[in-house]
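In the two complexes below, chain A is the common chain; its partner is chain B in one and chain C in the other.
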Partner chain A sequence: MFARSILAVVLSLWAINSSATLKIEITEGAAGAEQVAIVPFGWAGAAKPKEGIASIVSADLHRSGRFNPVAERDMLAKPTDPQQINFKNWRILEIPYLVIGQVQVEPNQNHTIVVRLYDVFRQTELFGKKFKAKNFQLRAVAHQISDAIYEELTGERGAFSTKLAYIKKLPKTAKTDYRYLLFTADADTHNERLVLRSKNPIISPAWSSNSKKLAFVVVRNLGSSIYIYDDEKNESERITQSREKFSAPAWSPDLSKLAVQANRDGGSDIYIIDLKSGKRQRVIEHWSIDAEPIWSPDGGSLIFTSERGGSAQLYQYYFDNKQIRRLTFEGRQNLRASFSPDGKMITFVHLSNDRKYYIAVMDMETLEMRMLTKPSHQETEHESPSFAPNGSMVIYAANYQNQRGVLAAVSVDGGVHQRFSNEMLGGEVHEPAWSSFLD
Partner chain B sequence: MKAIYAKYPRAFLLAVLLHGVMLGMLVVSFDWTAKTPDMVPPEVNIVKATAVDEQAVQEELDKIKRAEERRENRVKKLERDADKAQKKREREQVELKKLEENRKKEQAAKKKAEQERAEVEADRKRAEVEAQRLKEEAQNALEAQQRLEMDEQRKRMLAEESQRLEDQQTRKLIAEKVKYTALIKQKIESKWIQPLNAKVGMRCTINISIIPSGRVISFKIVRSSGDKLFDRSVESAVNKSSPLPIPNDPRLASEFRNIDLEFKKE
Partner chain C sequence: MKQFLKWAVVLLPILWLIGCGGTPEKKDDTVVVEPKPVVEEKIVEEKIVEAPPEENPLLKELKIYFDFDKSDIKPEFKAIIEAHAQNLAKNSNLSLKIEGHCDERGTTEYNMALGERRAASVSKMLTLMGASASQISTVSFGEERPEKEGHDESAWRWNRRAVFVYSE
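Here is the complex of A and B:
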């Protein structure tokens, strides 16, 4: 009787169970990046260049931390045409995404590039795109392809076709007096273009929101002056005099003004410079140091570093009611803030109570602070964080091992860390600034 | 009285005798004295007596006196004896009383000691009984437990046996189901690459359809994580895991035709 009832319970459970869909929880998985095969593009009408489009795309996707591009030597086949694809070759390697492409070079050096992205398991084409480019535009096209793949697979806009600005400092042993170099470069640090070289320190590069202009500062004995570089015209213009001792420029979102720091004996104040009229207006003053203003993307406020509380901390100034609120309270110092493109976050340098540097982010709604980097004996002195235009990463400079000024990046979730090779850049890199999207 | 007599017959008899004598003496002397004043001695007799013989009279008187003295002496002796006897008796009674008291005391002491002993004994007995009771209780509890366990075991065995007998197949099916669920989970987890940007708590549920060979022929995300890359990692894990291990038994196969997989970043 008893056994019978047990059986009945078991059977009823069984029956209940079988009426519902079987559900299995998957919780374990290796954290990592998904494989994607970017097959070297086929070339027709010209010799294949040394660094092909596929390798630029692979490097871009790898740097994002989201993908793990397959090495060319691990590919079982190298199709360049849809008809050549045998999905089995990729499926057995468990590679879910495949990119193939062809470059047609015409006698007038016009390149037509066709690229296709496939879902290997579904055996479907996710997109097919065609680009036209001159020889010198091939890198740009490669970054556009990276952007397209990234956006298709992550649902987030890619930031590969963007620019960096940074200052390179040459060692004293260099054979030139011009030890300070201001560069702009593609987001992968390739395609470096010199903006200015100087015997005097160049500091504080700041992109305008349309990524067409770059404000920066040259420090001379008399004082510092602000320059604006026009990327399209490839010209720089000095807009303030050395004696004014303006520095740390920040663009207003409408590009009509600069917020700057004005140094004076024993401190500094925040001024607004109207670029059209040239009018200077002091907006934030205090007997101590107010410095490093940045403009919120909505234009309504400034965030700046101030020592008015005794140590360097971040404060926010609102234009409408002229109120100032303190944002940071933890650690010895918090400084060098930079807004995320959507204005929802800031990133800044956090100096902890035990004197270690971190790159931190703060949610502007909750004012909750989070560390993105961990100082290690290898990577120290994190400085000058700046958001990628899609808000997914923060680029900064740090000392790495024995090298000073190494360019590094971390994803906003803290999960992906990247470092750019210093050998390639050929010098200490400081104050990296990531542009907005170019369009 | 009887008791005293029984206990000390000589003393008693002596005492009675003494009393008798004394009583007799009282009577005699009374007679004696009483008669004397009443008598009006005839002068004649006296004269005569005197006349008869004064010496004889004197002798007679002496005789009487002596007799009297003897008697008095005897009485005195008797009295003394009686007194002695009385005293002795009293002493004896005191002694007796003492003895009695001692006896009583002894008895009381003995009784008390006995009582105490009895109490101690009783305590001991009670303790023993209690100990025994506890022991028995423990034993009973143990036995009950053992009985229960045995019952349980028997029941279990019975149930198992009965289940084995009545539906061996069902149990086997459940075991198979558990096994294949674990195998599927294991295979998919070994293939899943969680995106580095996946946040803890992110989850995505995907419904998959499997053909008898184990091949996943279709899937559909029924609950997106909200993150495209995360969802893609889920699809990719499913794809990489195909074919999945599924049970051969046709009764189970239907259950494994369609499965919900919930991918969760923990």
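Here is the complex of A and C:
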């Protein structure tokens, strides 16, 4: 006698609340954060929206930890046009960089945005750019402006026009028939888009290297299965059966395969699934736990967590000679590695001898390990680190003041720490995954 | 020279703008795609049965607990597993699913593996004590289904567990 039931998993564009945003608090700033004044843009042809482009750009640059945007109330003047600029007004405040802009709105809602960046002390324009956008594209334009300013002033590509994926977990007391929600969002957590909500646990979102697909796992009462969400088609497809018990998907750089963990027979192993043929191949096998594979950006190796040495540590497997080398030796455990986009570093979870979970990084050439975070009595257990696409920051999930699932980020030099305080949701945010550049 | 610079400041951006009129432009033709439902596999749920009342009282014990990061069975739970092993041996129509669970510490996927190992370690002992392997299945929920909410050992000790789910 079997009771049949279909577990409904609903996919929709619906978001809990379009104003669902995470506030950001810089908990520890870099000493050398550069001052920059982003003057509110001039608007012609339409009323200025509540949240202007300048304030989005200011928030972006602030969040990077590299800049300290000037508050609007501290500005002595608010030029919107090059002729209105009096560099003295900025020099006197010792503000080295100035950004001004104008938005021209035509009756058909086409916006033309002109933005200029100035070096105050040299009194020169560093760039002038023009953008065209519809209403709903203004946030995207603001992020492109942030990218341009960041790149001009740091020499490094900005990561503001990128995406995050994360999982929200609602409390047991939630009166909904689902508790797990998978979202994608802009890098500043605006524009949340629901990928999937489910009463069953959703875990392990992983972006493909072109940021167009997201692999993830749903855990059910027979086992876990892997799904692939296509961000362009807005569709999800299950690619493995529950009874196969696959989890922890990681994309090959050429997108043709997934490395996964098979939770079977007591000791999990690492398999490769060919997405075209569907063929499964076991590549790493041991009686103890082998888990959490990730693909090196050059495609030549996998890094995974294994207990083959007695405690969970990171190992690297090379496809060409099938050799395995151990990477970590310090601390009680080292788990769940994630590569920097250039492949030169990994970030991972380090369980210290005093039983606290930190975020660490390792230089893949020297195998030197360095702690990025240090849990305090308020902020304990750091998990799920993921590099920004420009390699400048690592985003992770933390426990904060007895709350689980608080998003936080740290610069790769360890200098800037920030926390994204989640005000509107009773739920926890888990497993943030930062996309690569979108082009 | 000073005069020239002053003009350059004003003119250069204008020239720049004329030069590359429509620099980074966003396309207007964004198509909003309606969502399609995920095609779900049909899942057969077991009918959960209870042990007959005259049986060994230990059969009412459907959970055993583990130490942090461990999957070996503590001596105090061996009698419970033995009772279930004998029950399965006597009733070949019964199936037992063992769920493995972890506390919230450690990474999500490592805990998926650890939960499976806990379930497998119970399964192995059941077969050593007389149950048939074909009667037993295992599944891991990792850290996703805690028994007790809470972020210290008072909750964690109840969450590191294996749960017995009978069906026929």
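Basically, the second predicted complex is superposed on the first by the 405 of 439 C-alpha atoms of A that agree within 3 Å, B and C clash if a C-alpha of one lies under 4 Å from a C-alpha of the other, contacts with A are read in each partner's own complex, and residues count from 1 in each chain.
Heads up, the rule we're going with is that a residue touches a chain if its C-beta (ideal position, glycine included) is under 8 Å from a C-beta of that chain, and two chains touch if they have at least 3 such contacts.
As the structure is a computational prediction, the values presented were derived from the model and not from experiment.
Colleague: Kindly classify A:Q261 by the partners it touches after superposition: chain B alone (first), chain C alone (second), both, or neither?
Modeller: second
Colleague: Quick one: is A:G65 in contact with chain B, with chain C, with both, or with neither? Answer first, second, both or neither.
Modeller: Only chain B is touched by A:G65; chain C is not.
Colleague: Touch check for A:A44: first (chain B), second (chain C), both, or neither?
Modeller: neither
Colleague: Is A:I289 touching anything from chain B or chain C once the two structures are fitted on A? First, second, both or neither.
Modeller: Second partner only.
Colleague: Under the stated touch criterion, which partner chain does A:E156 make contact with: chain B (first), chain C (second), both, or neither?
Modeller: first
Colleague: For the overlaid complexes, name the partner, chain B or chain C, with more touching residues on chain A.
Modeller: C
Colleague: Under the stated touch criterion, which partner chain does A:L76 make contact with: chain B (first), chain C (second), both, or neither?
Modeller: The answer is neither, since A:L76 touches no partner chain.
Colleague: Quick check for you: in the superposed arrangement, does A:V219 touch first (chain B), second (chain C), both or neither?
Modeller: second
Colleague: What part of chain A is shared between its chain B contacts and its chain C contacts?
Modeller: 2-4, 6-7, 10-11
Colleague: Could you pull out which chain A residues touch chain B in their complex?
Modeller: Chain A reaches chain B through residues 2-4, 6-7, 10-11, 14, 18, 21-34, 65-66, 91, 94, 96, 120-122, 153-156, 392, 411, 413, 415-416.
Colleague: Which of the residues in chain B end up touching chain A in this complex?
Modeller: 155, 158-159, 161-163, 166-167, 170, 173-174, 181, 184-185, 188-189, 191-199, 207, 227-229, 232-233, 235-237, 239-240, 242, 254-256, 258-266
Colleague: Enumerate the contact residues on chain C facing chain A in the complex.
Modeller: Touch residues, chain C against chain A: 5, 8-10, 12-13, 16-17, 20-26, 28, 30, 32-47, 69, 71, 97, 99, 104-110, 112-117, 120-121, 124, 137, 139-142, 144-145, 149, 151, 168.
Colleague: Residue numbers of chain A touching chain C in their complex, please.
Modeller: Spelled out, the residues of chain A in touch with chain C are 1-13, 82-83, 110, 114, 116, 123-125, 127-134, 136-137, 140-141, 144, 171-172, 196, 201, 203-204, 219-225, 227, 232-238, 241-242, 245, 247-248, 261, 263-268, 289-292, 305, 312, 333, 335-336, 349, 351, 357, 380-381, 383-384, 399, 402, 404, 430-431.
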